[in-house]
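Step one of this worksheet: look at the structure below.
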Amino acid sequence: MHLVKKIEIIANSFELSKILDGLDHAGVHGHAVIRNITGKSLRDGVTEDLDTTMGDNVYIIAFCMPDQLKPVVEHIRPLLNKFGGTCYISDVMEIRSVRCVASL
Amino acid sequence: MDASLILSNILNPPILFFFLGMTAVLVKSDLEIPAPIPKLLSLYLLFAIGFKGGVELIKSGITQEVIFTLLAAMLMACFVPIYTFFILKLKLDHYDAAAIAATYGSISAVTFITASAFLNELGIDFDGYMVAALALMESPAIIVGLILVNLFTVDGKRDFSWPDVLQEAFLNSSVFLLVGSLFIGVLTGEHGWEVLEPFTQGLFYGVLTFFLLDMGLVAARRIKDLQKTGLFLILFAILIPIVNAGIGILIARFIMMPQGDALLFAVLCASASYIAVPAAMRLTVPEANPSLYVSTALAVTFPFNIIVGIPLYLYGINLLWR
Amino acid sequence: MDASLILSNILNPPILFFFLGMTAVLVKSDLEIPAPIPKLLSLYLLFAIGFKGGVELIKSGITQEVIFTLLAAMLMACFVPIYTFFILKLKLDHYDAAAIAATYGSISAVTFITASAFLNELGIDFDGYMVAALALMESPAIIVGLILVNLFTVDGKRDFSWPDVLQEAFLNSSVFLLVGSLFIGVLTGEHGWEVLEPFTQGLFYGVLTFFLLDMGLVAARRIKDLQKTGLFLILFAILIPIVNAGIGILIARFIMMPQGDALLFAVLCASASYIAVPAAMRLTVPEANPSLYVSTALAVTFPFNIIVGIPLYLYGINLLWR
Amino acid sequence: MHLVKKIEIIANSFELSKILDGLDHAGVHGHAVIRNITGKSLRDGVTEDLDTTMGDNVYIIAFCMPDQLKPVVEHIRPLLNKFGGTCYISDVMEIRSVRCVASL
Amino acid sequence: MDASLILSNILNPPILFFFLGMTAVLVKSDLEIPAPIPKLLSLYLLFAIGFKGGVELIKSGITQEVIFTLLAAMLMACFVPIYTFFILKLKLDHYDAAAIAATYGSISAVTFITASAFLNELGIDFDGYMVAALALMESPAIIVGLILVNLFTVDGKRDFSWPDVLQEAFLNSSVFLLVGSLFIGVLTGEHGWEVLEPFTQGLFYGVLTFFLLDMGLVAARRIKDLQKTGLFLILFAILIPIVNAGIGILIARFIMMPQGDALLFAVLCASASYIAVPAAMRLTVPEANPSLYVSTALAVTFPFNIIVGIPLYLYGINLLWR
Amino acid sequence: MHLVKKIEIIANSFELSKILDGLDHAGVHGHAVIRNITGKSLRDGVTEDLDTTMGDNVYIIAFCMPDQLKPVVEHIRPLLNKFGGTCYISDVMEIRSVRCVASL
């Protein structure tokens, strides 16, 4: 078991590809995406229902090495500033599997 | 008389289910059509309308009328966002003005489909190539809107790439599926139509009805946003469609479209996009406030058009064509 | 003879697909109908049955028979939860007893629809206004159940608000869509029916079949819960429907319903709710154990009714009406 | 980057609106909701499949300031006691964006 | 001539929509058919084809032809994975070779359905019991593939359990729904067919068209994987189907199948599984690389078969049966 | 409030039942599952779209007592080694509800 960082981003699905590109450029090549998130943000104050018109929100999870964090923040922050969305970081322990060792 | 047309429009299942959807939100029923079912219904409608349009286009061929109609469509798709931009600029900042202008320059396929169902009801013919006009009018406003933003705002770092924008404008899923189905309709012609008919024709009216139930839910949920948009935008969202329809009708008269086609053209001019354009604007003009351009198009213009607008425009056409 | 009716019922695609669904769970196949597709199917069924009911209601008009039928429906919807509550109280606590009583006082729309498909099969007529009875019988049991909880339990902080409860009872999505579609059917009448017919009628039987496949999966998954419910509840879930159907048939005979209507009425009395009422009970009587009221209704009463109950009740009616 | 608290709640969708109201009253105005969660709880012991009858579970995520935690717990706990559901709290770092600064 | 057959195949809506889906990915349109809609469409297709097959099987009865056909199907389902395994072993390790061999030993229901739509187009009859052959050919290759892995690899801890494997092979949702629907078709016969006809027959062609749009999207997304698979596998994925179809046609000629049946049998032999077998292989041979066996089946063999293969095989049959 | 561990596993849905069995054998009887996850892993390098053919990914969340962690890792690691998938552990505080007390 060893320490990695968990990055959680909630944003509109229209911005998804830009954010994933940002992660990729920052060297974080793995991620998982949950779609069809509904939500409410302080900014717009109204509950956003999923509807046909404005796209759904997505919840992006990426686990990365602690030293990848700085480039990630550098790549993601401008996108959040421009398009909105929130990003949070926390500490988790990875259970290394044989396969994971190969991939990290 | 106008009122009887409105009534015969309102007493159709699609419009009544639209009301039912709105009512559900107003009385706080938990009725909902969960994602991605509305998406399925809208894919189906685009597929069916595009395919039918293609089949009929190949029957009629590319005549002079077709070319005139498509030219008129292009003209309106470029003209509307420009003139509305200057009206909107009076009260709003340049970003919001451009985004809303683009929204009204583009079209709503569901409004078009509702109008064509209404024509079927009344037994009035219309030409299949109107679907080509529909497809043509979807994208230009996005481009015009962006050019306006570029001309009227001066921020150094507006760094969007034209390829991305053109991609978004011409290859977004609505335009792509509509145009693709149209092409396939042209290629397979009458024969393809026969085999697909129970699917594309038989279910069409029912799916439209079901979809409008969802549109009622969606539109009603947006109504509370209107408090923030203010009276100016609400008036805009009712008057501009009427003006655009009026211009459209005059052009239609000028190039001597038949009445059915004229109504569809008027509806295209009058309607505002609440899917393709908002999606594009959100990415290219993130400074604009989505709740302004989505809510006006969805909670005011869309209901106005399908309930009052369609019969009203037909009434006008009936007067002029007499 | 009864057995031949049962057989002719069982050999229909909807019932056979129900068995197929149950089999899938029993043999641990990974067959599943992923969410939200079952929701789509059930919305469709409510829409189609409500709309058809409305169209036929306007044809028949509000006659004396209609009024008698609806009164009988109201009566049973209030009587059943009360009398079953006292039976259930013998073995269960007040919360569970009230929740289960409410479940059996209300109805299952799918059982009703399956019965109407069975009548179509046999060429027996029934009246469209039975759909109004269906709609009427869905909600009262929720109210009665809550009143029973309030009367028989003494906990200071039972703080539910009547507006919330009435909302939940009368505006939940099933009731709302059913009643709304019924109204729209009344408003658009024969004309609306014609345009929607390929959708609401043509697909109806197929969608029902597909939906029963899912119901088979859902019911079979609940069967393991039955171990916890105990023999008392399992017997209850089979005998009470028979008793309720019996009472319903006697009332139907008394007010001289035609045979088809009598069967539908018996089925309404016999069926138990596994959607609207459980949802309401979960919010208003959280002390009750959901797996008791859902599993009995879903894993015992529902299969019993659609497989054995429907032909059995029809057999009884045939005897009495002769 | 600054510390915020992450609140995770898993509950039945029927209770969703009550819980969101509770968060709102506690001063937490932003949230994200993931629907169609299946699950199993120690309490009932059976795996809950998503079915047409009993509603799905929902997974609610809300990030909030550390001092909002107390009112949140006060508002949410009675709901959990009454209707069931689980609630967990953890520490995360927020990547402040220009927009977020305005909203916090 | 062959080319005219290819053309008349290509100019059908299903194939054209398959191209449209591929195009969408190539031009990076955001068109997508969101989950779980493709699942719904595929459940529908299995349901409809199975049910129809059952109804027709009961009409024809279990004749000598039926038995010969089913024996031939079993034979090919066992023979193909064995012989292809030895070809694949030349270039790949034993795990990948076995997984790919199993994939090509099994079948693709959508290819079969597309071929049957093509026969309908051309007015060529085929027998309903070919659906039974389809069902029979789905599973054996999974078993054969596993036996091959066991024989040719020596790793002590390969700890899979046969019950699990048989479960996976014979009770996976595709096989289960197909066989179940077939049985129900047999049980309800002509009568069940009539009531379900608007659903199972009317919509069939449209749903197939829509589903192939999705298959086009899915296949095109897999194309980039092909860089990693290498030329050997790409050639394999085109040549082996032709060889298998050839063997199938010879067998069909030998047991004197009618032409329509022969085409369907050839298509079954030629097609490769991209749903049931990959799922089973992922669990039982996790050492094999999924992108090899999925991408060859999906991005090469499937498009090849539905575009070129089906008319090509029919051309061959026309020559031989003359 | 008391400390519990949060286990997050991302894997292909085909392996779901095996993983849930593993958790169960390790004594963790509660879990929540989010389906229809799309993702990308360093291992295969290509973005996995949800498609009809290869099944979706699932995101499994399980909260457990700290001392259950060791058996969980022992049960899950072989599955991850064999079939792929990632597993992460972190610390969270549980808001005990009356009901939860009974169940823990």
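So that you can tell them apart, the chains are marked A, B, C, D, E and F in the order they are listed, and the count of residues begins at 1 in each.
Rule of thumb we're sticking to: a contact is a pair of C-beta atoms (placed from the backbone, for glycine too) under 8 Å apart; a residue touches a chain by one contact, two chains touch by 3 or more.
No experiment lies behind these values; they were computed from the predicted model shown.
Chains that touch both subunit D and subunit E are the following: C, F. Least step count on the touch graph, subunit E to subunit F: 1.
Judged by contacting C-beta pairs, the busier of the interfaces C-D and B-C is B-C.
Farthest from subunit F, judged by the mean position of CA atoms in each chain, is B.
Centroid distances built from C-alpha atoms place D farthest away from subunit E. Between the Cα centres of subunit A and subunit E there is a gap of 39 Å. Each chain gets a centre from the mean of its Cα atoms; for subunit A and subunit B, those two points are 34 Å apart.
In this assembly, the C-alpha centroid of subunit A lies 19 Å from the C-alpha centroid of subunit F. Each of the following residues of subunit A touches two or more other chains: 34, 36, 84, 90.
Touching two or more other chains at once are residues 35-36, 39, 198, 202-203 of subunit B. According to the touch criterion at the top of this document, the contacting chain pairs are A-B, A-D, A-F, B-C, B-E, C-D, C-E, D-F, E-F.
The touching residues of subunit C, when paired with subunit B in their complex, are 35-36, 39-40, 43-44, 47, 51, 167, 171-173, 176-177, 180-181, 184, 187-188, 192, 195-196, 198-200, 202-203. Residues 35-36, 38-39, 42, 214-215, 218, 221, 224-225, 274-275, 278-279, 282-283, 286, 290-291, 294, 298 of subunit C touch subunit D in their complex.
Considering their complex, residues 11-13, 16-17, 20, 23-24, 27-35, 37, 121, 198, 202-203, 205-207, 209-210 of subunit E touch subunit B.
Residues 12, 14-15, 36, 44, 46, 49-56, 82-84 of subunit D are the ones touching subunit C in the complex. Against subunit A, the residues of subunit F that register as touching in their complex are 8, 10, 34, 36-43, 45, 47, 57, 59, 73, 76-77, 80-81, 84-90.
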